[in-house]
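The two complexes that follow have chain A in common; it is paired with chain B in the first and with chain C in the second.
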Partner chain A sequence: MQLYRNLTIRQKQIAWAWAFLAVPVLFYGVIRFYPTGNAILISFQDWNLLGSRTWTGLDNYQKLAADPVFWKVFGNTFLYLLIGTPLSLVLSFVIAYHLDKLRFMHGFLRMLYFLPFMTSAVAMAWVWRWFYQPVPTGLFNNFLSQAGIPQIEFLNSTTNALPSVLAPAVWAGLGFQIIIFMAGLRAIPVSYYEAAKIDGVGWFTVLTQITLPLLRPTIVFIVVFSSIGFLRIFDHVFNMTTNNPGGPLNSTKPLVLMIYDTAFNAFDMGYAAAQTVVLFLILLVVSLVQLRLLRSD
Partner chain B sequence: MFRSVRMTALAGMTSAAALLAGPSAAVEIEYWQYFFDARVTAMEQLIASFEEANPDITVTMTHFPYADYRTKVAAAIPAGEGPDVVQLFYGWLNDYIEADLIQPLPEESFPAAEIDEQYFPMVQAMKVDGQYYALPTAVRSLALFYNERLFEEAGIDGPPETLDELVESAKALTKRDGAGNITQVGITAGMTAQDHHWWREGLVRQFGGEPYADDYKTVNYDTDAGRAALKYYSDLFLGEEPVSAIGFMDEPQAAFKAGRAGMHIDGSFRIGSLADVRGLEWGVAELPAGPDGTKSNYSSYWVNAITTKAEGEKYDAAVKFLEYITSDEAMQVWLDVVGELPAKPSVGMTEENASDPVFGPFIRGLENAHTTLFANESAQRQLMVEMVERMQLQDMPLEESLAIAAQEEQKILDEYYGK
Partner chain C sequence: MAVTDQIRPTTAAVLDTRPERKPRNLGQIIRWTLLFLGGVLMIMPIVYMISTSLKWPHEVYNVNLIPEEPTLENYTYVLEDGRFYMWFWNSIIIATITTVSNLFFDSLVGYTLCKFRFPGRQLVFIAILSTLMIPTEMLVIPWYLMSQSFGWLDSYWGIMFPGLMTAFGTFLMKQFFESVPDDFIEAARIDGLNELQIWWTVAMPLVKPALAALAIFVFLGNWTAFLWPLIVTNSVDMYTLPVGLSGFGDEADVAWELIMTGAAISTIPTLVVFLIFQRFIIRGVVMAGLKG
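This part shows the complex of A and B:
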């Protein structure tokens, strides 16, 4: 107590500030940074969860570089990103743009678009999984076969499976992005549009010269947010392919699923940690690049 | 009602007082297993009768969701916490021994020669360097489920007894729509379910092969027998007249439950979930015999072991408890409550059990059952799944796909045993 009394006011303020900061700092330290550091450590070790950990140096990373499944999975992860992000960005913008102009049943329609975002990903993935089944259970294929069109193998195909898994994931994320876009659209001052109207400018010029440039912060946020989401895609893939996770022939397997499989089926924690470190680096690089590219000057 | 509660409370207090007053110090041991309703109920019954017979020993059972099980065990035992007697999957035995989590069973109470003789032969997989480390209460095996209504409708007398009859029956049971799409399969197929066990330990052996050599350390199915077995299996859905389809109704067991599959190969653990399906009339038969009459089955099981944490009087209590839960009496309880098969012929092959219409075929299958020693079961199953997918989705010739699977599996085994 004596010690505290001797402090200056400034020092006391600092002490109090740290007293309050201690909770989040401790939380981040114990829940975030310690496990992250530990994961990086384990990636240089061999550990099956039961025995002791042994140092193996770069073995796990060498194994990773030589593993054809890893490169396949690496490619898949980027396919999810490169198809998913632009597609959901364009779709959500188009919907938000038109929904913004609509007065009739506006709230109801917005709710309909937002509903999938609130639905459990697991439940949704299973419903879509059943949609995709061959006859006699699958909804889509039953339509096709009634119309006399040959069935489409949605999930049991190396080419169709990834887009089929991605579709509900895009749909599920759409609602959130639409809301953000609409908030962004509303935030643009009306005076710009009025000026444009007075000058007699067409809708396309208004869109490309006013709306899109002023939406830049919104677009940056959505691109970064949805990119991270697609790079970490797991629940949709896992639930739609539980019998053969990431299959057929690894054609839908994303990196996170491979990590899960290595850690909790093969109990090869070191190898899984190495994959995690790689995923972390990818996320870091992609986010930094996007922030730089889309930063408003 | 109230009276009975009060009575129990009173009884509890007196017995607690008796324990405190008793001259012999009470020993408390812990038992761990993963959570599955019926298993927990059965174990509660066993613990109750064990404690009755051994009033100076208290057994506390702890159970966890399957997903956390291994992690918790691994963390607890080295810290001197956790179970004295632990349940583990047979495939984890090597890992547990290597990590120094379990100790060998004492020869006086569990003589190896006697166990060799008393248990079904596949239990010998739990013996390392002549010493048993763990023993099962119950085991599981495969059998052929068949839909009695569909059999009647197709005019088939009874379940097939040979592999050729299986194909014939399946043909009669398959239905197609106008476009040629299968709407009812003769037999379900899918390596993701139990078929990879059927193929490995059943078909490969029945076509004259030996799936693994050298104590399951060497893959040995890239042979004529292996190719014949794969040909037989893949012809079910890739042949000229397919009687099955991979992924039909999402999952094999779902198709059978929905009454859209004539036959289905599955484990004894499926009995419980089929029993509740309304309108489904099903029977069980032994797996069909091979071309030369060979019968072969696959068995898996969970075992109980004594951990390295148990010492002194706790160790003695743990041995007693393990003796009890591997007794004939315990096995019968396990069969009645959980529906898993007794691990000893003395219990399984009793007149009543072996001729039971539902359990009988499974129990009889145990006599020629083999247990695959997996290094990583899910990865090894995945290779079987992919072996079929390469043939189906990429039109790869059978020989080539089989060779790739064999190489890949050898790699997994080498990595595991090379450690």
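This part shows the complex of A and C:
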């Protein structure tokens, strides 16, 4: 205590700051930084959890490059991104744009669109899985058969399964994006629109010359945010295909599911760690490219 | 997230409520009708989930929305089985403790980085910021190995430890502490409060809306978390709701109405919380999205 009293005010501040930060700094070191380094280290080793760890250099990465399943999975992961991101961006913008122009029961409509965001991905994956079942179980096929339309194989077809799994992921994320878009729309000064009105500019010109350019930061945020989400898709895929995870024939398998299988079913830790490093690099490159492309004029 | 640095409209501009007006012309009426139908379509999966959970087995394959003879039989069956009851409490306990921990530590670190000047500040700031770039999936293997060697597998602590603090929460709180005037803190110092008391009694009450927003995000995130709890738990007793539901649905003899009941049990609590605090939660989402 005597020691503390002898400190200057500035020294006391420093002591307090580090006292506050001691536990968190330890946490970030042990739970975030050490595991990151460890994952990279393991990716250069051969280790099946029981046997010995042996240093193998780039073997895991070479194995990955030569693995046809990895390239299939790599393609799937980008397919989720390339369909999911533009689709949810356009849908959420169109809905937010029109919702912003309505005042009557505005809060109620907004609630309807936002509600799916508050659900659990696992629960909703099971609900959608039920929708997709063949007659007499599944809701969609029951509607189709009532209308006299032939049934659709949703989850059992190698071509339809991926979009079918993606649909609930897009659905659940829309509400968040709509809310962010509406906040962006509200932030555009009304005076711009008033000036356009005085000049007699049409709605389409207003949209493309005022609204969209001024929404650019919002669009950048939503594109990066949802891209990262789709590249990391796992919960929906796992739960909609539990009888054959990632199936049929790996047609829905994303990278995270491959990582899970390699690490916790095959216990090939080195190989799985190499896959996580690849995932990290993909996320990094995709975010940086999008920031560069969307930010600069 | 550096992305959001450039989008920072004033909160007032974002949240102003314009007077409610009935649609005047035909265009507005069509727009309202289409948006309303779209909104109804959006909640259909949730409505069908609840409706099916209230149906008798013989009615399940019927596409009618309202059950002919609604029953709570499925809920009784699922809860008497005991497992959902257990998973529900596991989820409640884990999500609550994690939320409290995040509220405490994220705001403490955010406050320190915002209001103190000390050697190493910039380094700590950048170090925590950089963890935002590391995906959870890259960390699960080392976390698993760590849990294995310390005996944390299959325990509450094992499920919770990775999420006790988040960089996202820290930055959210740091942004909001910027709005607390330095004069307030200086005045409290002159009044003889120590730094811990200043943080807790002066600064914290001024950022209550941000704390609420953070609480919602952390709770929802942990309530629905799947990958890590799936990896770290082995015994049925330790499952969280999502992990339990996933295994329950996979048991071949389980009927769809029971799966829908399980799904409803894991979804209804967050929906009810949302319906009660609706305006508040949407405000929180906007704040977190724009400032986080």
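Throughout what follows, the second predicted complex is superposed on the first by the 269 of 297 C-alpha atoms of A that agree within 3 Å, B and C clash if a C-alpha of one lies under 4 Å from a C-alpha of the other, contacts with A are read in each partner's own complex, and residues count from 1 in each chain.
Rule of thumb we're sticking to: a contact is a pair of C-beta atoms (placed from the backbone, for glycine too) under 8 Å apart; a residue touches a chain by one contact, two chains touch by 3 or more.
Values in this document were obtained by computation on a predicted structure and should not be read as measured data.
**Q** See if chain A has more residues touched by chain B or by chain C, and give me that chain.
**A** Touching more of chain A: C.
**Q** One more residue to check, A:A273. First (chain B), second (chain C), both or neither?
**A** second
**Q** For A:L155, select first, second, both or neither according to whether it touches chain B, chain C, the two together, or no partner.
**A** A:L155 contacts chain B only, not chain C.
**Q** Tell me which partner A:F234 touches in the superposition: chain B (first), chain C (second), both or neither.
**A** A:F234 sits against chain C, while chain B stays out of touch.
**Q** Would you check which partner chain A:W130 touches, where first means chain B only, second means chain C only, and both and neither mean what they say?
**A** Both partners, chain B and chain C.
**Q** In the overlay, answer first, second, both or neither for which of chain B and chain C A:V206 touches.
**A** neither
**Q** Classify the contacts of A:L79 with the two partner chains as first (chain B alone), second (chain C alone), both, or neither.
**A** A:L79 contacts neither chain B nor chain C.
**Q** State whether A:N38 touches chain B only (first), chain C only (second), both chains, or neither.
**A** A:N38 contacts chain C only, not chain B.
**Q** Examine A:L214 and indicate which partner it touches, taking first as chain B and second as chain C; both and neither are also allowed.
**A** Once the two structures are laid over each other on A, A:L214 reaches no partner at all.
**Q** After superposition on the shared chain, which partner residues are touched by A:N243: those of chain B (first), chain C (second), both, or neither?
**A** In the superposed model, A:N243 contacts both chain B and chain C.
**Q** For chain A, what residues appear in both contact lists, the one with chain B and the one with chain C?
**A** Overlap of chain B and chain C footprints on chain A: residues 129-130, 133, 136-137, 243, 264.
**Q** What residues of chain C sit close enough to touch chain A in their complex?
**A** Listed in rising order, the residues of chain C that touch chain A are 1-4, 6-7, 9-10, 13-16, 18-23, 28, 31-32, 34-36, 38-40, 42-43, 45-46, 48-49, 52, 61, 63, 105, 108-109, 111-112, 116-121, 124, 127-128, 131, 133-135, 137-146, 161-162, 164-165, 194-196, 199, 220, 223-224, 226-227, 231, 241-243, 245-246, 249-250, 256, 259-260, 262-264, 266-267, 270-271, 273-275, 278-279, 282, 285-286, 289-290.
**Q** Quick check on the complex: what are the chain B residues that touch chain A?
**A** Residues 67, 70-71, 73-74, 95-96, 98-101, 177, 179, 181, 183, 190, 192-193, 245-251, 260, 376, 378-379, 382, 385-386, 389-390, 393-394.
**Q** In their complex, what parts of chain A are in touch with chain B?
**A** Those residues of chain A that touch chain B are 48-52, 129-130, 133-137, 145, 148, 150-151, 155-158, 243-244, 247-249, 261, 264-267.
**Q** Quick check: in the complex, which residue numbers of chain A touch chain C?
**A** So the residues of chain A touching chain C come out as 13-14, 16-18, 20-21, 23-25, 27-28, 31-36, 38-39, 42, 95, 98-99, 101-107, 109-116, 118-124, 126-131, 133, 136-137, 139, 142-143, 146, 168, 171, 174-176, 179-180, 183-184, 186-187, 217-218, 220-221, 224, 232, 234-235, 238-239, 242-243, 256, 259-260, 263-264, 269, 272-273, 276-277, 279-280, 283-284, 291.
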